[in-house]
Amino acid sequence: MAQLQIQNLHVEFGGLRAVDNLDLTVEEGEILCLLGPNGAGKSTTLDLICGKTQPTGGSIRFQGTELSGLLEYERARCGIGRKFQVPSVYKELTVAENLSVAQSRHPGMWRALFTFGRGDTATQRRVLERVGLAEKAGVKAGNLSHGETQWLEIAMLLTQDSQLILMDEPTAGMTIQETEKTADLFRQLRGSHTLIIVEHDMSFVRRVADRIVVMNRGAKLAEGSVEEIENNAAVKTAYLGH
Amino acid sequence: MDVLFNQLFSGLSMASILLVIALGLAIIYGSMGVINLAHGEFVMLGAYATWAMQTYFGFSILVALPFVFLAVALVGWIIELVIVRRLYRRPLDTILATWGIGIILQQAVRLGIGAESRFVKGPGILDGNVVIGNVVMSNYRIFVILFSIGVLAATWALMTKTEFGMKLRAVIQNRGISECYGIEASRVYSLTFAYGAGLAGIAGALITPLYSTIPTMGTSLVVDAFLVVIVGGLGSLIGAAAAAVMIGEVTAVFSMVMNDTLGRIAVLGCIILLIRFRPRGLFPETVRR
Amino acid sequence: MTRKLSYDLLAYAAFAAVIFWLVPTLYAYDGFELNTFARYLSLAIVAMALALSWGTAGLLNLGQAATFGIGSYAMAMHLKLRASDGLPDFMGWNNVDTLPWLWVPFESLTFTLLAGLLLPAAVGGIIAIFMFRARIAGVFVAVITLAFLVAFQLLVIEQQGLTGGQNGLTGLAPLNLFGWSVDTYSVGFYYLVAACLMAALTIGIYVSHSKFGLILRAIREDAERTRFFGYNVSSFETMVFCISAALAGWAGMLYTLVLEFASPTYMSVSFSLAIVIWVAVGGRESVIAAAIGAIIVNALEGRLSDVFVEGWNLMLGVTFVLVVIFMPRGLFGLVTYLAGAGSRLRQSRQDSPKTSAPIGSAPHAQGGR
């Protein structure tokens, strides 16, 4: 059975159908890229999966569990992580503290109350070295550059170690080298983690995607491998108009 | 039944004064996000200004109203310029700073004028009552209600029909962009704050014949006015009006059924519940942000 | 982080030395003077309790005085029963002829001590669950807690037969603490209050350095993001409200002992905002700084309000406005800024880029936390 099954999902904002009868299945360990013109409902789909937005109808099942009705933190505990479009790290906390927050295998309140200090620093160190922030562990996140902030957020997702990671434009604002490094890192995650990535940068998508789903006006327009999508007539129409 | 009507009528006159206070607060909060805990002291200043004009110049309340408005607006303008301006990015801190300002104003009046209560005569031409059946309505209270409706209408017109209102709404939506189009946001803020303070001054003038004027009179009024603003929905004029009438009337009815204190406790309880379940107020804006 | 913890422990040790040794020495072990100082110390506890919820989690609780008041009334009820032969005097004046059920268990000291901690915690917890389940935050927390405080104080004043109304509870017996009859004008009593404050600060420092405290700071910055890591934000917020309320109740019990009466003015809006002032002056980010803020403001008030009877409040208002505008992080912010400036100066003298390793320089560059 697929890891994530979305059936008949729809959501309305004041009459506007942002997501309209969407069906989607994602297999464990694959990297799925969501493409589509602006306003196609890509980010909203991620919001619906992680619980930021409640659907008007339809079902989302993750590893057999029905997610609708669960709160954000309960979904996170099921193993769903999320990276937002605007980098959202804790600017007042240091890099190391950010990772400590992300280290959330045991997110219970009582457990936190009886845990003194910063948690598993060895893992934090390893993750920071992997993304090249090891030197900055004691720096406040607010003092990082834009690119470093992106890396910190990716480091936080790695630390959180969710089975399913939702990424909203992870390479926005990155240089070409950084984008390549991100692509490499994502490919290392393939197999052990499932990734759903919203991205506009086609060269990046070509490098990482196992499968592509193209959305338009809230519904699935096409799905398939990179070549299939690049040769799909309906996709061309949606992007270029008639 | 007549008792109920009399109670509802006096509730309505209190509600209309509450409305004028809340309007000023709502404008200040809605436009600049400042929680002005000194607003009650602006009301107090308005009351003392009225008292001073009656005592030293023999002005009736009606004559004094425009002067009171200007005087308190000036105080508000200065306070905005010197203190509040520095705190626009720190909404929680405005609670603290304006509380400090409130203490200063209260103590200044206590030192300058004295702590004992002062009395202001109602305007002579509004003496007397309108009697319908057994319901007795004093002319002055009727005037207060009508005047408050007038203030509400004028404020609404100011916000929607004038160039100033247009600029203010532009600054509320996006200060940065408005400044790019040549709107001087800081000037708009000063004037708005001054206008809100002036309204509090008017409320203070209106309240003088009904309440005794003492330095601490603002403290309880500001809590009520705040609840009106929050219940009405931040920045919504119509919401504030509805909430003021509702709170005024519910207080009046509860006070009759139970007693004044329990009535007030019950109203506070209702308000807490309302904020809990409708945190965006009775009439939230339906814009998707 | 180890650096910061060591700074906190250093400040803790220095503070302990001041209140256990320096203050009694300065007052020449004079019981009367020390009683006055014990009052400041008990107020320091309620200030550090507020710093825990406001400074760490960013939840400005304007109803802190309510939980403080519950603690103080719990203690006063016990002492009143000790002082009365049967029914407390004021009940007779209010035509209450049997001891109300609410009063009965306060015959027991153990119950009283527990109730003084647990009742405030329960009240704080209920309000917190009520607000935080609905994701109320920011200004609305301040408004709801303020409205609750006003209602609560009115209720206490209105229930004359139960609470003594406007007069509060007076004519209390001295506390008999498991055989030790507590003389509030003794040096021993001062040490008791000082020990309570140090214990409260220990809890405060533990909480702010635990993972719990870290998550609270994360919530202060971005509650939404924190939920996506799997943390149940409302349970963290509720817990910090409970801890803060329990500490406030504890402070209230001590305050009743010091002043030998309980009054509804302990639950007034102006008292509650005064607590906020102390914390703002000291610095909301550190429990020790908040405690110091409370002691400084109250000590100044004690000295200056005799000299400038009416002018004192004016000075307090002016100081407070100046602090909020120019020292938003309080004395704590000032100290960390100066310390940061000092070490920047040292570093530039050494003039060696190698010494400015990121980890070392970080806390100074941002002035601490």
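Chains here go by letter, A, B and C, matching the order in which they are written, and residues are numbered from 1 within each.
Following the convention adopted for this analysis, a residue touches a chain if its C-beta (ideal position, glycine included) is under 8 Å from a C-beta of that chain, and two chains touch if they have at least 3 such contacts.
Listed by chain with UniProt protein names: A = Urea ABC transporter ATP-binding protein UrtD; B = Urea ABC transporter permease subunit UrtB; C = Urea ABC transporter permease subunit UrtC.
Computed from a prediction, not measured in an experiment: that's the story for all the values here.
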item: Per-chain CA centroid nearest to the all-protein CA mean; value: C
item: Furthest chain, CA centroid comparison against chain B; value: A
item: Cα-centroid distance, chain B relative to chain C, in whole angstrom; value: 33
item: Approximate Å spacing (C-alpha centroids) for the pair chain A, chain C; value: 42
item: Euclidean distance of C-alpha centroids - chain A vs chain B, Å; value: 48
item: Overlap residues in chain A, where contacts from two or more other chains coincide; value: none
item: Contact set on chain C toward chain A in their complex; value: 1, 206-207, 209-212, 214-215, 217-218, 220-222, 224-233, 235-236, 239, 358-360, 362-363, 365-366, 369
item: Residues on chain A engaged by chain C in the complex (per definition of touch); value: 50, 52, 71-73, 76-77, 81-82, 84, 88, 90-94, 96-97, 100-102, 104, 107-109, 111-119, 135-140, 142-143, 160
item: Chain C partner contacts - residues on chain B that touch it in the complex; value: 35, 83, 86-87, 90-93, 95-97, 99-104, 106-108, 110-111, 219, 223, 226-227, 230, 259, 261-262, 264-265, 268-269, 271-272, 275-277, 279
item: Residues of chain C defined as touching chain B within the complex; value: 60, 130-131, 134, 136, 138-140, 142-144, 146-148, 150-151, 154-155, 157-158, 269-270, 273, 276-277, 280, 310-311, 313-314, 316-318, 320-321, 324-325, 328
